[in-house]
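Paired with chain B in one complex and with chain C in the other, chain A is shared by the two complexes that follow.
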Partner chain A sequence: MSGSHDVQDVARTVLDCLRNKLFLDGVTADTHLIESGLIDSVGFIRMFVVLEEEFGIEVTARDLSLERFQNVGSISRFVIEKLAEGGGSDKPAEAVRA
Partner chain B sequence: MTGAAHRLEHLVSERAARVPDAVAVVDATGSLTFSELERRANRVANTLLADGLRPGDRVCLLVPKSARAVAAVLGVLKAGGVCVPLDETGPAMRTAAVLRQCAPYRLIVAPECSAVARRLAGLTDPAWGRGVLRLGEEEGAPEHAPAPVPAGDETAYILFTSGSTGLPKGVVLTHGNVAHFVAWANARFGMSPGDRISCQLPLYFDGSLWDVFGSLTAGAELHLMSGRDNLLPSTVADFIAGARLQQWLTVPSVLTSMAGLDVVSHGDFPELRRIFWGGDVVALPVLRYWMTRLPHVRFTNMYGPTETTIVASCHTLPGIPAPDAGAVPIGTPVDGKQFEVLGADMRPVERGTVGDLYISGTGLTPAYWRAPALTDASFTEWPAGSGTRWYRTGDLARQDAAGEYHFHGRADRQIKSSGHRVELDEVAAALTGLPEVSDAAVIGVPAPEAEGNRICAAYVPAAGARVDVARLRTALAARLPQYMLPAHWRECGSLPTNANGKTDLPALRRMFTDDRRK
Partner chain C sequence: MNDYRITTYEPRHRGAVVEFQQMLWQGGAAGNSAYLDWKFGANPYLDDRYVTLAWQESELVGMLGVFGSCWEVDGHGRVMLPCLADTVVAPAHRGGPLFGRMLEWLVERLRADEVPWLLDFGDQPAGPAMLMSGWTAVGPWPVAVAEREVLGSGEGEWSAREAVRGSRSGATITPVATSLPEMPALAAETRSRGSVRVVRDEEYFRWRSRNPLARYFHLVAEEQGTVGYLIAHRTAVDTDDGPTPTTIVECEALDDDVWRDLVEAAVATLPGKVVTMWVRDLAPAREQSLASLGLSPTRPSGRLSQDIHLPKLVMRSTGVVDDAGPLATLTSPDVWDMRGVSGRGWR
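Then we have the complex of A and B:
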């Protein structure tokens, strides 16, 4: 399933986004984003926007669980799954993007 | 000697005596009944009194939102103290600045915040206070109610908000002002014993006082939302459903993110009756999303600077607004308050014209904490000689033909970021205070992904300094909370100036908006 996307490449890009676009200071591949308190609710929304822009995917209601976004590894696995699905074409038409 | 009848702890105790076994507060670890809450609060109060606390002494709280925190707040009030809740996750240097300003008699610290407390002690002159009360130390104290607080000092809380001079400013909230609003709101919106009420906002936000004292004085259940409950749009939805909330006070950014990710279905939250929001403007498509899905809920926009105590005006939507309806009004003044829209000449503008919004009446703060010059500059007697005090909000407003008021932005450099008030000059002052920066200017640009603003900073490096944005941001994060940190940065040889030699803010704005289009 993840054959067409290199896990390490995705993980590197995710880490780069967390550091340089979300400015999560001191984040490493092993940081637990939630327990460390590095990210808040606004940070999560920005993270979704950054991931959507960077990877061309769409984050939807059914993707939302804290386990999925707890560290670089879990976020990368999520991104690869979304890429394999073809970029979140199940986006509900009713959602409101301000 | 009897205590003043309008004191908040007295109103809560009165209710607790009538419903001792009802659930008062619920957090992630469990719940407290009204009698348990009272006993815990009494132990905190008796400990503080035995330590020599006197009426009007400040007590700062470094306690994450929890049933223990609510008991500690009540305990401080029962002892006659003034509550100053602190943000335990906030930058230590800013929290230290708050401690220095209010010079507390005691700092109450939860065990999990002891490392933060040690950092604060290292940053502050010991003269700020006489010690720390570790939460838990009060366990052995007597649990009987202390003697009522004698009439006199009226201050219940000091809440700190962004200040344009570079230091946070403290707004004094009195028992009478909070009690007046809460009693009115409970009657107006229909709060009943046993109702389930959320507390989503942090305890250092004035909106949370409505949740806490609105529910506790009515015999309702207060359901505290933790930081974790707030993290994702879906976790907020789960909390509302799990707690079977009937009343939910929130902020626009939460409504927007939940609508953006479409986590609400038709008919969700069947027991929810009232949604309130404040602190910022909700975009019309977002409001339509919510109102379409939850036809059983009443939606009310609340407006009010902390200086006017929690809420100054409100507007309940009569129905789903049309897609092309204008922005939701901030409504009409709440009980005891008056609004005036004045021009630069301090005369009322014609109805329908935008002017400066002034507020008077019940709820006006008596003063900023130990800042008489700031108080004088922000409050004015009008008309001259009338003895009526008005707060100059800095908001621009207009009254429509139906008498409703509408918000038209700010007259100054204050913005909203994630629902928080931010004085851009406080950010600029912090940035200019860094050794590697010689000059800086900060503006707010509307955020693309939510309402509110993203903060943009332009800086001039000090002579010979090589500036790394990540390092600059880390240095700033030690001084300012997350929501005040710039999201966009530009290094300049010099700041753009206008013909008067002042920073050219429109040019700066273009610099950042042009950047974003690339």
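Then we have the complex of A and C:
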């Protein structure tokens, strides 16, 4: 992901992830992910993994809110906030073993 | 598809529940029936009044089990807090609104009865959705895991094992068939690191040990009296070489050496391939000794997707909490002492 945090660029990438990595058929920029029933809890976990891998951010329990993950737009704004906070991670995607 | 009818549990629903829960409890008709009686009927703190069922016409399609747990809260005495458990949604109805609807229906009932909190120590697939819908998480916290060659312990064999001498403390460590009165007495002696802790009296020990779908393994350490004990849980519906872990649900000792020796004996002798224990509220010396005992802690990474299977408590306020009372602070991780609590200890 480049240094540009343009919301439209991020939104295009988020939509692409939802369609092609999560295989959410029919999802559009306006789709309400929860109300549409397109995504369930297991799907949310998969989405978090995809967002983390795609954008280098970390999704924590504190980040969870219905408003943040409603649609492509809200997810994009969340990603941009995370990137601005430096919420990327160099750690591998595995739980830390002592 | 969404024309669900949500009800409380009544005795006439027993057969449907026993059959429905086979997908989770796996105890067969007799085992599931006995488990239903133990978990919600014989529970010393709460009956089955909040068990919630969802129906589509005459078919049972969802269940929320709600059982009672009892806590000592500093400045408040004992309080019963209901725990969510045994939650099942029929496969054809998963991924939709049913689970959330059952939860909201239940919370509304708890609110009407002025029950302030609903707890969940389980590993809910709906965890993220719950956290986005008003639930608060305490944790996750680390869990330590030891993998060994499969050890077996058939019926009656555990208590027939010879006692051993603790390598550090010299205490005699003996496998026993059941909990002893000395165990809750010792639990009461241990100093708490939090202001909220599960009640571990004789009544609790008696109820827990009667779980018909669980096997419990007890070790007692003695040196001129009882100086420690350990209790481990294994499901009764899996074989000793099956995939489910054996969980050390509690270990209490008067000193660190006895504690270490108990855990060492447990790791060496408990049945099953994998032994786990929660790593929370342990004294620093005890936590540091885990690695030398073959128990590798997996610590939270901070990433929800990676920590999803680590133990945690999620809780939901029903809206009737007294903001000035001690129960108002339950969302703070610091108030909880989870010793003696283990999700598997209540399954």
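Simple rule for what comes next: the second predicted complex is superposed on the first by the 83 of 98 C-alpha atoms of A that agree within 3 Å, B and C clash if a C-alpha of one lies under 4 Å from a C-alpha of the other, contacts with A are read in each partner's own complex, and residues count from 1 in each chain.
As a working rule, a contact is a pair of C-beta atoms (placed from the backbone, for glycine too) under 8 Å apart; a residue touches a chain by one contact, two chains touch by 3 or more.
Everything numeric in this text was worked out from a predicted model, so none of it was measured.
Applying the stated contact rule after C-alpha superposition, one finds that A:E58 touches chain C and leaves chain B untouched.
In the superposition on chain A, A:R19 makes contact with chain B only, while chain C stays out of contact range.
Within chain A, the residues touching chain B in one complex and chain C in the other are 34, 37, 40-45, 48-49, 59-61, 64-66, 69, 94-98. Within the complex formed with chain A, the residues of chain C that make contact are 94-97, 124-129, 131-133, 137, 142, 291, 296-308, 310. For chain A in complex with chain B, the residues that touch the partner chain are 19-20, 23, 25, 34, 37, 39-46, 48-49, 59-61, 64-66, 69, 92, 94-98.
Of all the residues in chain B, the ones that touch chain A in their complex are 89, 227-228, 230-235, 253-254, 256-257, 259-263, 283, 285-286, 288-289, 418, 448-451, 470, 473-474, 477, 482-483, 485, 487. Residues of chain A touching chain C in their complex: 34, 37, 40-45, 48-49, 52, 58-61, 63-66, 69, 89, 91, 93-98.
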